[in-house]
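Structures are listed in the sections that come next.
In the two complexes below, chain A is the common chain; its partner is chain B in one and chain C in the other.
Right after this comes the complex of A and B.
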């Protein structure tokens, strides 16, 4: 709107004043926006280094890394939760890959009647309100004694992540130039050998991207673990939740910061893995 | 190795993944539907819905209110940011905005909940900053940890996602239509609403539908950001089960949340069919 005023302002002086005011207004708006985006994160960082913070003080009274030491103590709950979280996330990636490499290959390359319906079916677990599903999964698991086990949590995380792994694997296999495979076959390689030495390596960048997706989704997953994993399986999100509800904002904030590291790293590197050729085929 | 092969092999390859979805999604889904509509005597009944409405009609309306307001606010902010990114004068301010808005994109809901739980509290960083700037008097700042906190957290978390899809679609448009409108004297705001936005409506509806369903499913944010009453249906379901083991009422509430998702999907499909996008 200020730019509109600039355009019609006739005299040069007025235009200069208007554009200065416009710049100030833009700067102010940007400042407010930056505060809205970064303020909540700043509060998180402050709490993580606040040894004592109470009203009426606007900033922590005593700063220090006491709680960081408590979190990173090798015998502490947090390290155990971090270990469990990483174990579950890695197992989820392996399990999801075992299911989605064959499924992705079939959906990306073979002729399947009802292919679109199959793709939609893999998306459904993400499209339904998950709480209503997980509480029933927990009830079913309970009858088999699978609640509170790492395997149970991995199974739940895998189904949740299948939409990424299957869709991205299908796109990655579909994007491969078939002439390369035909060349290998012409040179006498068996179908299986061609798949292992030509097709799979060519699909690797896309598969890596889906591995990162599944790993992060599993690492950050709260609802499914909340229903299926309790009380024995404690992941970082559950530790964060329990610390926060118990009023221990320092432990909660430090746990939250640990969870933020992979998310932000991922945001920085995602574009390297997913090239436009694969991206444009996802969900096709 | 190619599409001419019979499809039996293909189905065998897809079967294990399908079995997982069947066992851990379709089966529990059927289970929840049957638990919601079956009485203790095994006969079909609507009694669980009667109880759900009796106990939680306030929370049902509250949930609809929260997701509708959050979706509308997310749309407004995302349109504003994407509009500035695509139509604004290129410069440092626009570049900075483009860098800033993505921050919450991959931040988990539970982390967003923890951020807001401290930031929006009566003595959180937001009120403290406003006091330090002299905008409000000390002690005057109110806690926003109620419905406003949930809406703010949802908008904060979902705006980057919707903006990313929207700005991407806008950037891919034919610049000629934009330049033509600008040359004919249309202002930036008018160009945004009359020329650009109508062309990217399908992308906006997809993004908003997805974020509507996401907000309906989140358990951590309402638990961490708002008090116990009123609250969202996700929290009520968890409470029904953890406190009473009452699967019947919890599943009735679950079916109501499916219905809300279905309503969103229906609006999306109707819009898609009317504009001829889905064909």
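Right after this comes the complex of A and C.
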């Protein structure tokens, strides 16, 4: 009886010690992780409500929402920049979609020769230093008079967004069972009707995710906008840059926090719409 | 809906992927209202043939006629066929009712008529009340009923069945067989059914077309094909997969079969084969007896090496001087028991044995 109890208690004690050590390790890792993510965020939040904060002090001297009010004032630069940013982002989604739906369908569905090469081609702009690329883009756009226009910035953002949207669209179309389309053709639907009533609705979740992604990329884009858009076109990231260069950390922090909102929404959307079946086909 | 002439006619059809030929000269005429099973091992081209009829695959050569109309170059949407897919191929973004009504909507039916027809179809496939359900919530059997309903809703002259039952579990498969067959008899459409399941083909179809390596090797009533397979491969495929090598000699109207180990049998009224031959027989076509076989019967002595009980009858592996065979019998026998396999002459399929390097020739 006693030996039996020992035999049971032995491993239990050992496993308890092991699980305590494991929990401690997990807790530590989680703490480091949380600090790495939440530390800068906390700093941003602090700066956004600090009306006065100077060196010997570890925390702001005067707290207040003066800068928030300044940013959200309807006549302020920030609201105008937000408007421009959203306008550019929406136009970018429209143009990137107009190109990536047919391109994605062709790459995902039709057996094109050299489709992998084509997919890599869309990745290429990402492979070079963006400053070098956008400087040259700006130089070429200048000869057409496109610099400083919303159209010019949309063009730059669209090319940037295509990298992702073509890949995601190709994966979304490739994930659709061919028989689903054939069943529609078989019952009397033309190729075009089949695309509209079967293929496109089934690809919609993937395409939605890609739309959100393009939108956010455009909202966050800095380098291209800086070279092509300045000074006539001012987006939120440019405002953020100007504010922090000018030492106005409050405006910069608030702008950064505004830019964070869509990113969080995006994560929720991607979780909802991009299922593993589609994700597993990206890049195939 | 009785029709005149042929429902589907295929003339000299050749299909290939790249350089490999998949269908190698198919000629087939199907009468209206018949139920044809395309049967064969995987890779024989039966699914390719069905998909060519549906218009999903473009042939290299040959013609396809549906209802007397040449549809070889016509898109799948203008062929008047409806298909049941192995994968069901129901649209997950539509309800059951919208799946079934899709073909009618394409044909410009008014909404009220579509609703009425969908209800009729749901009743027909015993799915009444499921119209509003999402297809993703249905079981396999229910999905296949909806798929059948979707195909029948458009009143197709030709229904194509692409192994629609192979993903269902055994019991539902058996019910669906009979339901599809009964509906076909009642409505009178022409059905072409692809399957690799011999029993399914025999139960459902009134004509078996057996394919092998892209060609039709035998075509006839299920009973005739089953009883008189015309080649060793068809015999094996239809369950006669016990094979004995033998030598055949003609003696008047009888055939004398000489097997290894001095086993002989004299049978009457069998094919005109002489010389080296192959004898095929089914496990369930023989009896095991302790005594020697009577006339018109091939008797092979042997010993039971293994036994199993799949239900109903016992299945024995019997070792004999001329090979190992599987044999069914109603009685329990011990391993090691001495028995005699008695194969009645009508159950013995005799084929000329091909010489090495020479393809099999058909015995009449």
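Here is the rule we go by: the second predicted complex is superposed on the first by the 247 of 284 C-alpha atoms of A that agree within 3 Å, B and C clash if a C-alpha of one lies under 4 Å from a C-alpha of the other, contacts with A are read in each partner's own complex, and residues count from 1 in each chain.
The rule is simple: contacts are C-beta pairs under 8 Å (C-beta built on N, C-alpha and C of every residue); 3 or more make two chains touch, one makes a residue touch a chain.
Predicted, not measured: the structure shown is a model, and the values here were computed from it.
K.L.:
Assess the superposed three-chain arrangement around chain A: do chain B and chain C clash, or do they fit?
P.N.:
Aligned through their shared chain, the two binders fit side by side on chain A.
K.L.:
Is A:198 touching the first partner chain B, the second partner chain C, both, or neither of them?
P.N.:
Second partner only, chain C.
K.L.:
Which holds for A:33: it touches chain B only (first), chain C only (second), both, or neither?
P.N.:
First partner only.
K.L.:
Scan A:17 for contacts with chain B and chain C and give back first, second, both or neither.
P.N.:
So A:17 meets neither chain B nor chain C here.
K.L.:
Report the partner of chain A that touches more of its residues: chain B or chain C.
P.N.:
The larger set of chain A residues in touch belongs to B.
K.L.:
Tell me which partner A:155 touches in the superposition: chain B (first), chain C (second), both or neither.
P.N.:
A:155 sits against chain B, while chain C stays out of touch.
K.L.:
When the two structures are overlaid on chain A, which partner does A:188 contact: first (chain B), second (chain C), both, or neither?
P.N.:
The answer is second: A:188 touches chain C but not chain B.
K.L.:
Once both complexes sit on top of each other, what is the least C-alpha distance from chain B to chain C, rounded to whole angstrom?
P.N.:
The answer is 8 Å, the least C-alpha separation in the overlay.
K.L.:
Could you give the residue numbers on chain A that contact chain B in one complex and chain C in the other?
P.N.:
Residues 185, 191, which sit in both footprints.
K.L.:
State the interface residues of chain C toward chain A in the complex, per the touch definition above.
P.N.:
The contact residues of chain C facing chain A are 54-56, 75-78, 81-83, 85, 87, 89-93, 102-103, 106-107, 150-151, 154.
K.L.:
Show me the residue ranges of chain A that touch chain B in the complex, using the header's touch definition.
P.N.:
1, 3-4, 26-27, 30, 33-44, 46-47, 55-56, 58-59, 98-100, 102-103, 105-107, 109-113, 118, 121-122, 124-125, 127-137, 139-140, 155-156, 158-159, 162, 166, 178, 181, 185, 191, 194, 216, 220, 222-223, 226-227, 237, 240-241, 244-245, 249, 252-253, 256, 259-260, 263-264, 266-267
K.L.:
So in the complex, which bits of chain A are touching chain C?
P.N.:
177, 179-180, 182-191, 193, 197-198, 201-202
K.L.:
Which stretch or stretches of chain B touch chain A in the complex?
P.N.:
My answer: residues 1-5, 7, 9-11, 13-14, 16-18, 20-21, 24-25, 27-29, 31-32, 35, 89, 93, 96-97, 100-119, 123-126, 128-129, 131-132, 138, 156, 187-189, 213, 216-220, 223-224, 234, 237-238, 241, 247, 250-251, 253-255, 257-258, 260-261, 265.
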